[in-house]
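Shared chain: subunit A. Partners: subunit B in the first complex, subunit C in the second.
Now for the complex of A and B:
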């Protein structure tokens, strides 16, 4: 049913640290790999080795440059973008077939591919560009939070994480229950400044982005750098004097 | 938004078809027998061809039956249900008129009400989307869709004088809608800063896109071609939708060729207007990939 649950027992989601992300696209590749070989229709590629390649991805890393107002050094922020598993998910309520739904047990937003007609209205309703219609399968694909990994008892316990989190070499991605104030992810969020993505859309995302810390304050840091030596000593001093005399 | 031909054909033809049903249900034109068959044939052909066209953009139409299930939350589901209910309500009404020579006004009026609701559900599918500010205008977009249907229906019903005035009205409302959309987008609270949440740290600029190739989101929601010639296309659409048909209908005698000429101009104009409705509409997701 495409009505949203009033509350969910858990709020499973990702915490993405924009301060730590190095923009390596490892999460993109791990996501594509896992979700092509497991749950649901594979993430297809069209003309992958040709002149006009395209394909389905559930996670894409953009890079932005932020220039402080009033000058100062610009900062590069690598920005992974995927489904935010919103509490007021507009993609769910627009679905005509009931294929799009939000689970009351853990808050994951999923697509039932056996009901999806591939109309694309959910992708229109999403402000974050998180849904892509697979061009071969004709069904809507989106982040499942690797629902087939996180509860999978056939996997070693350390692998029961979304593929993107498991693979991130920078430790920039975290997974857990954001509805539980005592969870590691909730404590991490509480300890850091966060950024909201289009709060004016009223979607109340569960995924949380940690803000980049300010750095490269050139004015102040440059002033602190003092010359370590003004006059050459020792061998270099002798060489300097010898060359002067020539 | 990507102006998919299937959706343009659907909204144009179905709008006209259900508009004609609105008039037929009220007994205009009041015909029976063969002429009634001709009119109901046109109404059914337009609405059914439009509905079939709308299925062409579906990635997986074999599941279409499920689309009637989510009327509690989904305007698209409501639209599917109301379209079918309207078509089935008019079936006995049409049979009575064509084969029995009788008119059941209650059934006709009920059908008219259902046709109005169908057009409303279509318009709400667009007007509900907060992500597309140019569409997210209530009640302007629903009123515009209804007026298009009523005016186009009057034209097809052969009510030349009434259609002339209605078409003038819808043309004015279309221009108002364009202007309201421009204003709404110009004063939008969303920008690259709120999209990324990084706006409070400074001016945000995209350095690298997440993909070097095309993507579904870019193809579907970041359509730029239409915006380039928007003003010229608006002028052309205004002339074809309204100015030309209204002049023809209000100044020339209401003969069949005259009405057909007005219909041709109006239909081409509405299709051009619907192309613009999609091509001009910016989706907020474009903020994530906007250069500059």
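Now for the complex of A and C:
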């Protein structure tokens, strides 16, 4: 059992717009690339060119089909899934060695790989399936919120963002302090409907998902077109008048 | 409780030793990338923030580039075949031997009959160079992959408005309020569309997806129109019908900037029927609204009367607008008439038309920017109609795709939303009128260069590439009566025609970067058989095959000689204004690739190899009078080649001092200037020249100044296309150059000068009650043609494909998870795994393209899911239409452009009982010339 900090000075996290995410997997592979070369053990791939390739990813995109309650065409939602950096992170409290911990300065949940024994309890405790045990290194891997980018003085200031946010082509991913009501991400969240992920688990995720806006409402904004002519001759009469006005 | 002690971690680790900026090649999008190196090795790739294409972002493919660069499937050295074709038995040889072998085949051909070389370059991004090479070799048989990609889109746009989507133009993403997206291949213009969708949403705009499949961009569209494949033209013309009927068209725009007011000869006895009334200088005439008299359309102050009629010597002429009103106001194109065939209710069609009208005319944008038109008339401001559209292969890859693309552009033009704020905008070197493009050439003579560029835009029968006896000059039959406007050639017909000796036999097939033995061909398994076929003497029907690629694709096994290319991080390239540049609506831009790392294998950039071959063959332009090489390699060519005096492959930093842009003599430091600038050059278009480009004097002058054109070339849009009419007129018996009898009826119908819809040919060729289902493929956003599979990260995202079935077909056949379906077309059957996809047109099934792989290819294990469960739809799409009993080979292509009609396919679906162990057909393995990939991968530098 590992303790969580009572409060954190910041609540850094991601805001992911499910209305805009096109499911391109840019965030998936940018994450894989950065985190293979940086914090902790590289993200390995077992049988990468074989029958059953299985690699470690800190972020994966799932696609779900949703049929609206009132009927209508089925809709597809692309759902990028990574650690939510929960305020009450069950993956931390379950850790027997103190390897999993939540940082008091910014709320990031991290794994200290030197202490991790690869027991997998944290992955079992996480209701979101956000942790993956690296089969080669034998340690638990998870989203670090690119803790080695966001404060990194070797990067230009504009690049001090998680790799997934920096790369997202549709601008569906945002990063900031969700504990600060005046931050851009907090304002964005306040302006939109959000999707609560398993609130009954009491995990209080920091990452926030913005709900897809209602779809298939064509016809509500524009009045039906009224004919000025129903055949060519009448149309030419209208055309003549339209030209006259120019 | 364990308390984590105060853990110190390094939050500022060094990122890399060095960043080198080059251009991505993980798809055709050509984004700028920052390649991070540590100890001289590639460690991380991210988007270049300064780059005009991607502005820093990078998609799933681009962000996985490192795994393509390190893929075990990379070819390692030149190889010659030592087993039978198709066996995969090769021996590695030196470059000297490889080039000597190639020359021993090519030199005799060039000296005797250059057309015996068929040189087709697939997903080539250097066509201005490869085309130049082929022209100097002298073969007429050259093209890249456009014919099986989206030539309908390109040609439809150029014949209608002097430009098309993607590389030719883009929505005004910052201002558009309604963006309508028709069937799109998500690997084209990939990041710009994603960035654009993000912008439209952030600005509160609306996105409408017209696509049978609700995935990807259509998943985020605010409204989804799940159209039945092949009916987009009908749907679009119903929108035109509605807008005309309601008078929601931009009359002033149509009068000023289109040929809506041109007068068409209607004398049924005249050879000029259907052509424009012209004055003695050949200038089309209009009736001036002010005087009621004839006047040249381009005279200052003339405002054409769109409703006019005019009689000369008893011959009636009516305006294009009147012909359009007659056609499109007819009930044939009413929403009620088309709804069932389109699979979309009349009410929803009307709603979209109303929304287009509302946004175009009630949300008008005004930019207070004065400008002057080409007639010299000053305009105080720029008026925008913020409706924009985009389309690609979805509407293009049908046998009615050209006319559908034309219809789409006509819709945009009727709304007055082309080249205006908020609408669709051209990117340099477009706009360019169809008349400003080259004409096709095929004049081949022994030992001489071709008489001009291979590809172009015919304006009438006189530009066709046919012999006096009517036989085709080109192996792919491009620019013949079978497909007169085949501006990109027909790569998909080359192997089939060469095998059939129709129109003639060839000696050497030389291909680059196109997986023709697999996913790039229709009828894939049979195409492989044709490549390996022998004649009655035991000789290969296609005597020599040379193939150049970076990777161990299925095609490698079918070549006699392999010229291994580099990865995209090891090579020089130029993304040139002479070719398919990376311009934006606000700017001209071009870019380079350069070797950010050196190859660790005995491989060479393909273009450099072509130069070396050209030198050994003594090709004009590549050797001087003494036979010495003019260019050492491709980089040398990029810097020093001049296409016209002062105009070369790269526009930036020209002139001895590097201070000229566009025009200027070669600058020996040019590549370094590009590297110093992040791999690209950008030259901004002046503010007053940003919109109305075809008619904007300031734009025309700017285009001349930077060397896009040598003289201003203003023009009006062709709602009515005279080149099409000239072809149609020939089919009616007018003129000396006449089509063969068997094509007359088809030409009369399909070469219509006004856009029309006709059912895809497959619907006529097969019994639609037996084959009621449309079958499509699309590319995953994270894959590009067959490449994604060799990438360990990407194949974990999509390692096998399903045939996705709509709920109706799923339930009717009692499918359950894990089932297989037998999918049968008029041509053949495949048996493949299925999955349910509710967001799908009721009569459509689809799958991901090019996931299925042949066992032994791409350095994959033979048990890889791509090879056991993955499958291709290509096996049941024939390159020919079913035999008509006339002994003729009718291409499965658009009759105007020759575009491969991939999406015409109709099938029937049955549950496969019992389930097969693997997807069928399962072809025998080929031997991998590069071995297999490693069992474990973890690389940290």
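Note that in this section the second predicted complex is superposed on the first by the 214 of 246 C-alpha atoms of A that agree within 3 Å, B and C clash if a C-alpha of one lies under 4 Å from a C-alpha of the other, contacts with A are read in each partner's own complex, and residues count from 1 in each chain.
In this section, a contact is a pair of C-beta atoms (placed from the backbone, for glycine too) under 8 Å apart; a residue touches a chain by one contact, two chains touch by 3 or more.
Computed from a prediction, not measured in an experiment: that's the story for all the values here.
**Q** Looking at the overlay, does A:97 come into contact with subunit B only (first), subunit C only (second), both, or neither?
**A** both
**Q** Would you sort A:38 into first (subunit B), second (subunit C), both or neither based on which partner it touches?
**A** Second partner only, subunit C.
**Q** A:201 in the overlay: touching subunit B, subunit C, both, or neither? Say first, second, both or neither.
**A** After superposing on A, A:201 lies in contact with subunit B but is clear of subunit C.
**Q** Pick one for A:124: touches subunit B only (first), subunit C only (second), both, or neither.
**A** After superposing on A, A:124 lies in contact with subunit B but is clear of subunit C.
**Q** Determine, for the superposed model, which of the two partners subunit B and subunit C contacts more residues of subunit A.
**A** More residues of subunit A are touched by C.
**Q** So in the superposed three-chain picture, is A:163 touching just subunit B, just subunit C, both, or none of them (first/second/both/neither)?
**A** In the superposition, A:163 contacts subunit C only.
**Q** By the touch definition at the top of the document, which applies to A:65: first (subunit B), second (subunit C), both, or neither?
**A** In the superposition, A:65 contacts both subunit B and subunit C.
**Q** In the overlaid three-chain picture, which partner chain does A:133 touch, first (subunit B) or second (subunit C), both, or neither?
**A** In the superposition, A:133 touches subunit B alone.
**Q** Taking the superposition on A as described, I'd like to know which of subunit B and subunit C A:75 touches: first, second, both or neither.
**A** both
**Q** Which parts of subunit A are in contact with subunit B and also with subunit C?
**A** 1-3, 23, 28, 52-55, 57, 63, 65, 67, 74-77, 95-98, 137, 212
**Q** Give the list of subunit C residues in touch with subunit A in this complex.
**A** Residues 1-5, 7, 9-15, 38, 43-47, 49, 54, 56-64, 66, 72, 186, 190-191, 194-195, 197-199, 201-202, 208, 214-224, 226, 242-248, 251-252, 255, 289, 303, 305-307, 321-322, 325-326, 329-330, 347-348, 350-355, 357-358, 781-782, 790, 792-797, 799, 837-839, 859-861, 863-865, 868, 932-941 of subunit C touch subunit A in their complex.
**Q** What residues on subunit A touch subunit B, complex-wise?
**A** Answer in residue numbers: 1-3, 18, 23, 28, 52-57, 60-69, 72, 74-77, 79, 81, 90, 92-99, 114-121, 123-129, 132-135, 137-140, 194-202, 209, 211-212, 214.
**Q** Which subunit A residues qualify as touching subunit C in the complex?
**A** Against subunit C, subunit A makes touches at 1-3, 19-26, 28-30, 32-34, 36-39, 41-55, 57, 63, 65, 67, 73-78, 95-98, 101, 110, 112, 136-137, 147-148, 150-155, 158, 163, 166-172, 212-213, 215-219, 221-232, 235-236, 238-240, 242-243, 246.
**Q** Per the contact definition, I'd like the list of subunit B residues that touch subunit A in the complex.
**A** By the definition above, subunit B touches subunit A via 1, 57-61, 63-64, 66-70, 72-77, 80, 125, 128-132, 189-190, 192, 194-198, 200-211, 213-217, 220-221, 283-285, 288-289.
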